[in-house]
Structures are given as structure tokens and as C-alpha cells.
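This is the structure, below, for whatever I ask next.
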Amino acid sequence: MTDLDEAIAAVRADVAALHAELVRYGLVVWTGGNVSGRVRVGEDRSADLFVIKPSGVSYDDLAPENMILCDLDGTVVPGTPGSDRSPSSDTAAHAYVYRNMPDVGGVVHTHSPYAVAWAARGEEIPCVITGMADEFGGPIPVGPFAIIGDDSIGRGIVETLIGHRSRAVLMQNHGPFTIGVSAKDAVKAAVMCEDAARTVHFARQGGELIPIPQEKIDALYNRYQNVYGQSTDARR
Amino acid sequence: MTDLDEAIAAVRADVAALHAELVRYGLVVWTGGNVSGRVRVGEDRSADLFVIKPSGVSYDDLAPENMILCDLDGTVVPGTPGSDRSPSSDTAAHAYVYRNMPDVGGVVHTHSPYAVAWAARGEEIPCVITGMADEFGGPIPVGPFAIIGDDSIGRGIVETLIGHRSRAVLMQNHGPFTIGVSAKDAVKAAVMCEDAARTVHFARQGGELIPIPQEKIDALYNRYQNVYGQSTDARR
Amino acid sequence: MTDLDEAIAAVRADVAALHAELVRYGLVVWTGGNVSGRVRVGEDRSADLFVIKPSGVSYDDLAPENMILCDLDGTVVPGTPGSDRSPSSDTAAHAYVYRNMPDVGGVVHTHSPYAVAWAARGEEIPCVITGMADEFGGPIPVGPFAIIGDDSIGRGIVETLIGHRSRAVLMQNHGPFTIGVSAKDAVKAAVMCEDAARTVHFARQGGELIPIPQEKIDALYNRYQNVYGQSTDARR
Amino acid sequence: MTDLDEAIAAVRADVAALHAELVRYGLVVWTGGNVSGRVRVGEDRSADLFVIKPSGVSYDDLAPENMILCDLDGTVVPGTPGSDRSPSSDTAAHAYVYRNMPDVGGVVHTHSPYAVAWAARGEEIPCVITGMADEFGGPIPVGPFAIIGDDSIGRGIVETLIGHRSRAVLMQNHGPFTIGVSAKDAVKAAVMCEDAARTVHFARQGGELIPIPQEKIDALYNRYQNVYGQSTDARR
């Protein structure tokens, strides 16, 4: 087994297993939603690929060997396990993100209900809870309306998230895309995005929200990114 | 085993197993809700029957052999497994749909809470999220108020859905009925209908919704019906 | 084993198992909620007792042998299994119902959240969905404010439900009590009460509800009470 | 094994197991939330320590031996199991509570969504349901806005809860902290706090709430604290 083979096998296992978290947290129904993870080997990044879920397949049937390996154009790598199936219909958007955001190691897309509700109004989620300040460092932004068929979804994600603290974007009328340093980190962002969308939805139903001062948001975000968790696994 | 016996056995297994999806997605409580699947054999459609859940039986006790085989008048086929029990009290509505919609292979009825909420207001669910455009091609319509006792429920379903893209109808003050090319496809429509009902409910609680232009809805619907999923199992 | 012993053993098993349904449908948290079942033997009803959950015991630890046997005054029958523990703190209310409603075979109390929400406003749940018409034959009524310490809770339940079609009452600021011909039937009523409370809550959040004409409610109720389910087990 | 060793082992097992209750009741997502339990041995309280969850570790991976033992300054006791990992980032707040509230045996912190919603508005939960009167003896209060970095969170908890019947405080824009005579009792308070937050949220969405007279709240609280449950395990 080469280094690349090993890296691919590890990401296949990871991506297959992480889909269970989307189910556990109620972020997906039926076959909706998808997780991908980047595979990059070599100092020159000679190999730069990603692994993604097949299209329209039940969450009960996901296994490492039916995950699909793609290059950064979103083309299935022929002759690899799972390559006889179609990859997720959102593959082009994932590929666009990997091509244009070299530090991204994982991408997740869901139609989680509270996040989609904000997206259907084209309204960002205000940062009124310390958990959001920790995780996203401010509001969760809205991206443009874009539909499948060209690069417009990927471009909308990238343009919204580059230079933004948030690892989550709510694509208008569509739903959240999240990114992370790994597939696991992107899944965490998807879970925390829905949690924030839900909690702030509840909060606002009851009346006026108390804003958090910007310098407190900054302090919380900086601490959480640097201190939280075990030093060996932070956000990985 | 004849072709017909085999086909019946397959649909019995399918229909029994698919009820678990209603439970998984929270579409039913207690013994409510029902799934049926069509059995059709022969080029001349000499055999045209359907399999449905017994009335008032716990979801824990459903098995292929206690599903009930009916003809298209909704009469239990005597001497077949399960024929000593009463079929679902919604059997007449299912039968009416099969008689009048020859392409329908499955029917589902639930009282899933968010869909029933729209039905209690007699209000269609507007198509403001791309997931609805994919799945239903527009709003989910409302059917007439009708109660058990004659053909009025079945007629209301058929009159609403014929010529409509949506595979789901919200019967006023009652709840959703969904159809599909198979029992599984109708169950998927029931799951996606509740998901849409819930998400758009949340969305509207927070303020004004952004409409999706009709030509974008059309493009999403056409792509999803033709491209999504694996070519071998799309919507089956 | 006498007939009475057998009857007690059967109700103990039933009552212990039925508590799992309260958990399954999210009607209870921690040790809250309780189910009881009547034990009546002999033509002269010489034995008339009931079995109820112990107070403050985890749902994970309920078993037939730790259910508690009480007489209709709510006094624990000494020397029987479980008699070393305290019965549910709602035992007096259950006993009052059994003493005053001879046809009642089971009683359930929960703090299920949507039903309690209507109770906190002292507002009956209007019958705007056919599932409520089937099950309750009209609105779910509110009972008086009453607190533990005397017969006032039991009296409030009985005065509200005698002569009413509904098997559920929302005790003001407190929560639902339900009755049935058996413990299982009372649990079903508790499940359907919360389902109705939740669905009508959602419905009204979105705007005006369409009433169901009284004669349609009557027709639905009469059909459901007489026809639904298998003839051998209807509501038992 | 000394008495202290035994006491530590018992609290480790307790605290590890109790985290599962946070998951069961939907109070936490991902690695959020934490439970601690006090260990106190000797008449002179010569040993006064507490056991808490490690930071950022999955709920699937919690076991007695990776819980972390701290002194009342929040410093990890070196050389004990788990001492190679970082304790929960809320450890300082837990320690402050133990130092300043000698009767507290357990502390819990979550970001449970309905409780956080009230916290984001800085609004106490009014006591309009008898279950809240039983458990909290009145409204659930709000504590000040405070962020991690010094004693301000711990001080806010203690100043709000000393002299208050409630075992739960909603820290503004942050979330609930609960205390109890044991870790289990604090977890119960966290579960009941979210239940109250949720139910009163639903109740108020539908209109005006009926207040409970203060003397009735007092009567319910006094009864529940003294009578409810089995005499051997009440609130322990």
C-alpha cells in the first residue's frame, strides 16, 4: 500500500462513518445530504483528490468501499471502488470549493430544517449566543441564490466564506454548506450551524434578542479556536 | 410459485418493511398511517391488485404475512394470508387511486404533524426551497374536505393530483396522501412532504419568504426527475 | 393461582410495559408520568383494585414486580410485591377516578409538553383535524386548577370527563389525564392527546383554522368507535 | 482501597454515566455540555475534590477512567487517571461553585436549545406550570452576561442561586447551569430546566398564560421537596 492508497482508505472510512452523524443529529432525511473529505499526499501536492457519497443511496447502505473518489474537477477516478456509480449531485460544488480553498479538508451539505428556514428568508443568523461566537466568530452568512448546472453554487460558497470567520454559509432558498480542516470538522460545523439556527429561531420567537458586544464575540472566538479541546485533536 | 405469487410476495415484504420508515421519520403515532403497494402482472394486466396494512395493528407487529391483499375495488382477496383481518380503514381511498391512476404503484397516508397543520388551514405549501422544487416541482396542493364512507376521499386525491407535478396532496382538515411509481417512492414522497411542511413552517415563522422564480423551479424539477440517483434505481 | 392472582399478574405486566410507550412518544422526562390499570374480578366485583407505578423511579427500572397494587382508596395492599415502596404521588387522583367511573379500566398522567402548553393557558384544544374527531369526538376540554393534597384533582378529572366524549382532560396549569377501557387504551389516549395538542399548535401558528362542521365530527367519531381496528381488540 | 479512593471511583462512574442522560434528553450536541460531581471525605472535609468531563471529547468515548479529578481551585490532580488530558473548559466555573456553595454535590452545564433561547433574551422563565413549582419553586432566574477567562461565570451562578429556590440559572446569552445535592440531582435539574423552558415557550406562543398564585407554588414546592420519590433516594 502506497501512502496515497493509505490516505484514500482512511478518508473513505472517515467519510462513510461521518454520514451517521448527519442522521444522528437530524440534519438529513431519506438520501439527502452529503459529506466529502480531501485526500492530499506529497509535498508538492501531486495527489489532490476527494472522496464523496454516491447519489441517492440510503444512509443504511453507506460503506467505505462505495464512497466515490473524484479529482478536483469533480470527475470520478476510473477503476476505483465505487466508480461504477454516480457521485452526489452536489459533487461539482464540493470540487469547486476544494479547487479554490486549498486549506479546506472537508465539505458538508444538508437541508437541515432550521438552517434552511433562515435560507428561505435570505437572512443571516445573528450571533446572540456565546456558542455561536465560539464556533463561528459572528453571524452565519447567506450566500446567493444559485442552482445546479454550472459553477454558481461553488462560486457562491467560496465568495461568501473566503475572508469570513464562519465555516457555514446558508445558500439562499437552498440550505447550508459547511467547510472544515477535515471532513469531521466540516460535519461539526454542520451540526453546530443547525443548532445555532434552531436556538436563535426559538429565541426570536419570544421577543427581542440581546446583542453580544463585538469585542466579546472576538474574545470568545479567539479563545475557542486556540484553547478548546485536547491539543492533539483540536478540530481534526 | 407463479409470477403472480412472486410479485405478491415481493410487494408484501416491501410494504411491511416500508412502514418502518414512517416510524423512523416520525410521520405516525400509535397505529396511524398506512402504506400500500400495487401488484400487477401480465401484459394485459390480467392481475391488478394491491397489498395494504391491516387496521389498528401496532407497528411492532407488522410482517409480510399479515399484510392484506385486496383487489382494486378494495375487497380483501379471500383465502390469502392475512385475509381474516380487516384492512386499513383507508383501503377504499387507496383502491380508488389505483383504479383511476394506472401509473401509480404505491400510496401512503399519514397524519404527520406539520403537513396536517397546513391541511387544517386549507393552505398549500409554497415552493420556496430548492428541495421542494426538486421533489414536487412546485407547491404541495390542498385537496377537498371529505370523510370516510364513500369515494369522496379517493376522488379528492385523484382530482387534485392528476395533471399536477406534486406526488403529495394535503386533504383539508385531514392530512397528506402521497403517490409514487412504487410503494417506496410514495413513502419517499410522504417523508419529503413532511420535511417541506416543517421547513416552510419554520421559515414563515421568522418573516417574509423569498419566492423562487418559476423557470428556476422548472429547471430544478426537470433535472432531479431525470438525473438524480443511480440510473438503475431512480425513484424505484 | 387464583383468578385474582392471574388478573393482577396480567395487569402488572401490562402497566410495566406500557410505561415504555410514554418514553417512546416523548410524553415524559426523567421519572415523571404514570400509568395505572384496574384489576376487577368476580361478578359482584368483590375484588376491585388497581396497579400503579412507584414514585420517582427511573423508566429504565420498571418491571412487573415493582408495580404497586392499591385498593380504590389509594392504599397500598400490604404484603404484595412492591408494597415496600411509595406509589406514584398521583395515586389519589387515579383512585378517585376508579371509584367514581366504574367503566374506566386505565388512567394515565403525563406532563407532555404541547398538552401542558394548552393547559397553561387554560384553553381547550379545538377539533379541527379529523384524527381528533375520530379519537376524541370533539375538543379536548380543560379541567379546573387543583393541587395535590386532597381529592380536588380526581374530582376535577371526573367532573370534566363524565358525559364528555373526550377521554383526555387538560388540568389547568398542570397537564393531561387520560382514561380508557384498559391501561393500553388510556395510554393511546395520552399519545393521541399530545399528537393533537402539537398538531393544532402548529396549525394555529400559521393562521386561521378551518372548523369541521359538527355533523361531520359526529359521523367520524361514531364510525371510529365502532368500526376501526380488528373486531377482537378494538380499544382493548 | 481507602475511603477516598472508593469515593472517587464511585463519582467517576456516576459522572461518566450521567453524561448519557444529557444525550438522551437532547440537551447537548457534539462534545458540548458537562457534568461534574463532588468528592468529599472525612468529617473535617480534609478531602474536597470534584470529577469532571475532559474537554472536547465525544460522548461515545466517555468512561470512568477518562473523567478528570480536580481540586477546588480547578487544578487537575496530577498522576490520577485522565490527568494527561485537559478538563472541560468550564472547569473554573464548576470549581467556583463548589468553593462557594458547600452543599452543592454536582454541577451541570449545557447549551440546551429552549433554555438558551430564554437566555438570549435575558428573560426568566415564569412559573406557570405545576411541574416547575414542584421542581424549582418559582421562576428560573437569569444570571449576568459573563465570558470565560476569570471567575465571572462562577460568580454570576453563585450570586444568582444563593438564597434562590431554583437549582437552575440561565446565564445571559450563554445557557443554563444547574446544581444539586449530587451529580444526578444536578442532571435532573438540567433535564427539568429544558423541559420547563420548552413547555413555557410553547405555551406563550399560543397566547396569555394563567399565573399560579404564590401560595399554591409554595405548597407544591414544599410537598415535592419533602414527599416525592422513595424516601431512600430522594434527590440523590
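Letters A, B, C and D name the chains as they come in the text, with residue numbers starting at 1 for each one.
Convention: a residue touches a chain if its C-beta (ideal position, glycine included) is under 8 Å from a C-beta of that chain, and two chains touch if they have at least 3 such contacts.
Please read all numbers here as calculations on a predicted model, not as lab measurements.
Undergrad: Most remote chain relative to subunit B, going by C-alpha centroids?
TA: For subunit B, the chain whose C-alpha mean is farthest off is D.
Undergrad: Distance from the CA centroid of subunit B to that of subunit D, rounded to the nearest Å?
TA: That gives a centre separation of 46 Å.
Undergrad: Quick check: how many Å separate the C-alpha centres of subunit A and subunit B?
TA: 32
Undergrad: Quick check on subunit A: which residues sit in contact with 2+ other chains?
TA: In subunit A, residues 205 touch at least two other chains, as defined above.
Undergrad: Among all the chains shown, which pairs meet the touch rule set out at the top?
TA: Going through each pair of chains, those in contact are A-B, A-D, B-C, C-D.
Undergrad: Which residues of subunit B touch subunit C in the complex?
TA: Those residues of subunit B that touch subunit C are 29-32, 54-57, 85-86, 89, 111, 113-114, 116-123, 145, 147-149, 172-175, 201, 204-205.
Undergrad: Report the residues of subunit C in contact with subunit B in the complex, numbered from low to high.
TA: 25, 128-131, 188, 191-192, 195, 198-200, 202-203, 205-210, 212, 216, 219-220, 223, 227-231, 233-234
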